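The same chain A turns up in both complexes below, where it pairs with chain B and then with chain C.
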Partner chain A sequence: MTAGSIGNLALIVCIILNIYLIFSLTTRVRKKNFKDLKKIKFINNSIFILLLVSFLTLIYCFVISDFANVAVYQNSHTTKPLLYKISGAWGNHEGSMVLFVLILSLFSFLFSNSKVNEELKIYTIFFQSILILIFLIFLIFTSNPFDQIDPKPLQGLGLTPILQDPLLVIHPPFLYFGYVGFSLIFSFALAGLVTNRFNSLWSKVSNFWILLPWSSLTIGIGLGSFWAYYELGWGGYWFWDPVENASLMPWLAATALLHSNIVTLKKDKLYSWTALLSIFTFVMSLLGTFLVRSGVLNSVHAFANDPYRGVYILSIILLITFFSLVIFIIKDPKKSSITNYSFFQRDNFILINNYFLIFFLSVVLVGTVYPIILEAVLGQSISVGPVYYNTILTPFLFVFLFFMAHGPLLNWNKDKNIKLKNIKIFLPISLILSSIIIFVFLDYKNIILFLALIFSIYLIVSVIFDWIFQKKLNLNLGRLFSHLGFGLLIFSIFINAYSSKEINSAMKVGDEVKTQGFIIKFQGINKIKKDNYEEIFGNFLVSKDNKQVQLTPSIRKYNQPVQFTSETSIKSNFITDYYFAINLSEFEKDKIMVRFYYKPFMLWIWFSVLLIAFGGIYQTFRARNEY
Partner chain B sequence: MNIKYRIIILTVTLLIIFALFLKVLNSNKIYQPNQMIGKKIPEFILEDLFDKKIKISSKELLDKDFVVINIWASWCIPCRVEHPLLMNLKKNNQISIIGINYKDERINAKNFLKTYGNPYQLVGVDSNGEVSIQLGAYGVPETYVLNKGKIIFKNIGPINEDFVTKILQLKK
Partner chain C sequence: MMFSKSAKNRLKFFILLLISASIIIFFIYNNLKKNTVYFYAPQEIKNLSGVPANKVRLGGLVKEGSLKKNNNTYIFVITDLKNEILVEYNGLLPNLFAEGKSAVVEGFLRDKKYFIASTILAKHDENYMPPEVANALKQKKSK
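On to the complex of A and B.
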């Protein structure tokens, strides 16, 4: 028996067990028998373990280069380093769908072994196992990772070189853990609605199940962006590519959910809104899956191109959306206490920013989906690029930052001690600080940059103020970290956007280019040879104001499949990145095309994302200990 | 609003979304742009925008030392941004540019050139965008520099002063 057939068998047993699980859960629900969950847990755990076995056998097939397996044949090669053989397992459509189902089941497994009210638990596992069943059917019948070819090919087709990168080994798992992880809060919300147990206890438990995938998704998005920055060689880190947007949309929805759930927990209101967002977050994840997996997008990221798969994914996503929203409509938890409303109240500020997040989400959604639909229906092409997003999002971002800075300084309840007088301290400080930075350090007099810096510094100052002066017993460190990270992120993004520099030129060894205050000297060339590629390094010396940086970008020629990639060379100090990329040019054999970027504050962008994620992780563990 | 109506509205909305995306899935004709730098241009014959009898053929471009191809469309806003630079290239530097009009209405394209001036020696009509995509275009505008039918340089997006200097360098 080959490894592939073990994996395949495991998947089939999974489907049978899953159907059995759904039946036994249904009978329990009918009989209202919520005691003694041993058997349920056992089946649920077995499903998880079987899926894990299946996933591991797939990895094993990749490691031993079993080319009788179609997925391995199409995405691997014997000369690939071991690490990329392993990551090849989830670098393709079939493998990534196994990972998808595995994570669905992992969350079901974790949840079934946690302490929750039995009735809620049964219903949650019920909804979760329906999701698992749906995606298992999709996996086995339309994208089976264990399909065989006969006769067995001697060699595989190889993995796309730009995907051969250590970061891309961990980027998809983080991303999937994030957005598939939102399935649990989705099932849990449906369970809460059906059982009429959508109350503060629900909120308390769900805090953990929102924060856990949220933190992971934050890291996943950050990793993807970091990869794009150093691998693609265009000096950018976020391109508003539809696939990037697909991961940003669930993040925005989940961020809104995270905050509205806090209001639900503290103020015993916004139940409907929280329930709706729980459903909506997962629907956004599914939409992302659809966009990436169905082949409607044609970008570097698009993988599958089978229209049947597309129709199947589309149908199941809409069915899931339909049934979850029907449950929401019928069981809508209408609890509202609009008593003692006051504008200057923390929950009100959170709600306002919730609306802003939904607005940002809509902008991204329209920008991503509208061009695709327009092209298909009317045959017209429009290009939606960074200009669209930047123009629409930027002004509202400032208001968002303001509310974000102020919300945490306000009280949950209408109170005489409104701390809004802090504005008298903050506003001048941030005004002076950002003015100094803009006018003295940078020679920029741009109103957008000015506003961005003011508001982000305002947020940062408010967090620090909160940290130092609010001597509360339960200081909310997670929130402080994340908010500080967000303030820093916006600050760094804007400085970066407004003071980056770019130099393009064609050079040969010995050439020197002087422009924009930089002197670039092309000193020499080295060559090395590796198993799966040849690499040519160029040595460049960049000088600016007596500072010298040595950079060695390279061009790799991969042999399987034959493809050239350009490897960037980045030297980073605390403040600025010096970024160098080279390309071959066919017409001038003796010259190479060089691209040099001066990118300030890049390190800070990555640091801020880490800070945001760290806040989430910290808070996750706190939430874990609370219930 | 009672529950029944809400569910009906939901159903209808989702059905519409389903229909739209189904259409998207079935009309997946977006061609993948490919890396063409350093390669020979694909073979094509295009009709001229102003005179249907004139044909622009890739064969004629093969023996020229220096050709600039600019892909543009009247509906494309960045094309308007780069337009004055193209006009300058023609006027001050006597560079002949061949335009490829991408997925456009003839009448709109003609009006565009009437309004903003015509920097092109010839304009090929690429109404379904196929030639542009074979050239490796990601979108409009894009500008290519050819040497004996080989693409030696390419600019994605509107051209700027740097690109103009680059073109002048290349011409020497």
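On to the complex of A and C.
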């Protein structure tokens, strides 16, 4: 019996157990028997363990290079380092779908072993196991990771070199843990609606299940962006590529959700909105899965190319959206009563920022989906450039920052005295600081950059102010971290966007280029031979105002499959990144194409993302400790 | 007209919602239109009624033997085997750019025979062909 057949068997047993689980849950619901969950838990736990076994078997197949397995044959090679053999298991369509189902089940497993009202628990596991069933069927019938080839090939086709990177080993698990993790809050919301238990207790429990995947997704997006920055060699870190948007959309929806849930918890209102967002967040995750997994995109990430898969996932999305909305409409949660209304209340500001987030989400959604629809309907191929996103989002982002700065400082209840008196403190500070930055440190003066600095510093100042005068610091630390991170992120993004520099040139060894205040010297070349690639390094010396930086970018020639990649060389001094990439041209064989980028505040962008995620993680476990 | 107070409020709210929604939709639509980059194969450009003023993408094969360098400007021909367009490009050629291989360039059409490219889109896989190019070539073969 081969390892592959064990994994396959585990999947099939899973599907049987899962159907059995759904039946036994249905009978329990009919009989209104919500006591003694031992058996349910046992089956649920077994499903998780079997999926884990199946996943581990797949990894094992990759490690021993079992080329009788199609997924291994197509994505692995014996000369590949062990780490990439392992990560090859989830670097392809089939393997990543196993991971998808595994995480669905992991969340069901964690949830069933947590302390929640039994009725809610039964219903949540019920909805979650339906999701697991749907995706298990998808996995086994359209993307089986244990398909065999006969006769067994002697060697595999290899993993795409740009995916051979330590970051890409951990990027997909984080991302999947995040956006598949939103399935639980989706199931939990449906359970709350069906049982009429959509109340503040629901809110309290759901806090954890929103924040946990949200933090993970934040890190996942950050890692992906960081990878694009140093691997693709174009100096950018966010390209508004549909695949990036696919992960951003659930993030935006979940960010709105986690805030509206706070209002639901504290003020006993916005039930419908929170329920709707819970559903919507997971639908966005599914949409992302569809975009990435169906191959409808003409982007670098489109590696799965099979129309059946796309049609199946699209039908799943429509089905799930339709039924969850039906449940939502029939079982609309209780209406909240509006009493004591005043504009200057914290919940109002949260609601306003929720609208903004939904607006941002719709902009991204339209920009991502419109080209696909246009191509499907009219056969026109188009692409939507970054300018679209930047011009629409920027002005609204500034207003968003303003509300974000004041929201947390307001009371939950009507308060006549407070209003926005802090403007008098924040505005002068942010005006002075941003003027100093733009007129003294940056030689580039641009009104949009100036506004961006004002508003982001405004937010940062307000968070610091909040931090200093905070009476319940340990309760609010998560928020302070995340909001500070967001302010810093916007600040860094704009400085980076407006004061980056780029130098392109074709150079020979010994050449020197002087431009934009930089001197670039091409000092030499050396070669290294590794197991699965050859690498040519260029040695460059970049000088600016008497400061010198040595950079050694390289070109790798992989042998399985034969492919060239450029490896960047980046040196950072906390404020600025010096970024170098080279490539060969078939046309001019004696020269090397050189790209140099001067990228201020890059490190701060990554740091801000970590701050945002850290806030989420802190609050996840903080929230847990409260009860 | 006899509306109750709450009905009037709802009406006001609804109108406000409608106005803000239409402004936002108009804004998004306008921006989308301005920033949409259309993709054409050389043959499609021949069939266009006018020369598009917006930025466009052109994709096809780089014709064998057509690549020339003049100072810092590259000149080459993009073809879909039905029509050819001369492309002028001022910048660095990416790793995978080669004669006989597929390429996508982005820029402006000066006229229907001459394209001024600002970017050559880099693809990461040697065997990768943009779906548009593959389609254009497939159509050619099937005819």
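What we mean here is this: the second predicted complex is superposed on the first by the 618 of 627 C-alpha atoms of A that agree within 3 Å, B and C clash if a C-alpha of one lies under 4 Å from a C-alpha of the other, contacts with A are read in each partner's own complex, and residues count from 1 in each chain.
Assume a residue touches a chain if its C-beta (ideal position, glycine included) is under 8 Å from a C-beta of that chain, and two chains touch if they have at least 3 such contacts.
This is a predicted model, so every value here is computed, not measured.
Engineer: Taking chain A as the common reference for superposition, should the pair chain B and chain C be classed as clashing or as fitting?
Structural biologist: Because the two structures are overlaid on the shared chain, the partners are seen to clash.
Engineer: Report for A:377: first if it touches chain B alone, second if chain C alone, otherwise both or neither.
Structural biologist: first
Engineer: Once chain A of both complexes is superposed, is A:392 in touch with chain B (first), chain C (second), both, or neither?
Structural biologist: second
Engineer: First (chain B), second (chain C), both or neither: which does A:77 touch?
Structural biologist: neither
Engineer: Kindly classify A:329 by the partners it touches after superposition: chain B alone (first), chain C alone (second), both, or neither?
Structural biologist: first
Engineer: Please indicate which partner A:359 is in contact with in the superposed arrangement: first for chain B, second for chain C, both, or neither.
Structural biologist: Only chain C is touched by A:359; chain B is not.
Engineer: May I ask you to decide whether A:321 touches chain B, chain C, both, or neither, giving the answer as first, second, both or neither?
Structural biologist: first
Engineer: A:311 contacts which: chain B (first), chain C (second), both, neither?
Structural biologist: In the superposition, A:311 touches chain B alone.
Engineer: Touch check for A:85: first (chain B), second (chain C), both, or neither?
Structural biologist: In the superposition, A:85 touches no partner, neither chain B nor chain C.
Engineer: Considering only the contact definition stated at the top, list the common interface residues of chain A for chain B and chain C.
Structural biologist: On chain A, the residues that contact chain B in one structure and chain C in the other are 298, 380-383, 504, 583-588.
Engineer: Considering the complex alone, what residue numbers of chain A touch chain C?
Structural biologist: Chain A residues touching chain C: 160, 162, 232, 234, 298, 300, 359, 362-363, 366-367, 370-371, 380-385, 387-388, 391-392, 504-506, 555, 562-566, 583-588, 593-595.
Engineer: Which part of chain A faces chain B closely enough to touch in the complex?
Structural biologist: On the chain A side, the touching residues are 290, 294-296, 298, 305, 307, 310-311, 314-315, 318, 321-322, 325-326, 329-330, 372-373, 375-377, 380-383, 504, 583-588.
Engineer: Contact residues on chain C for chain A in the complex?
Structural biologist: Those in contact with chain A are residues 24, 27-28, 31-32, 34-39, 55, 57, 67, 69, 74, 91-99, 122-126, 130-132.
Engineer: Which residues, counting only chain B, touch chain A once they are in their complex?
Structural biologist: 3, 6-7, 10-11, 14, 17-18, 20-28, 30-32, 37-39, 75-76, 103, 129, 139-140, 147, 150, 152-153, 162, 166
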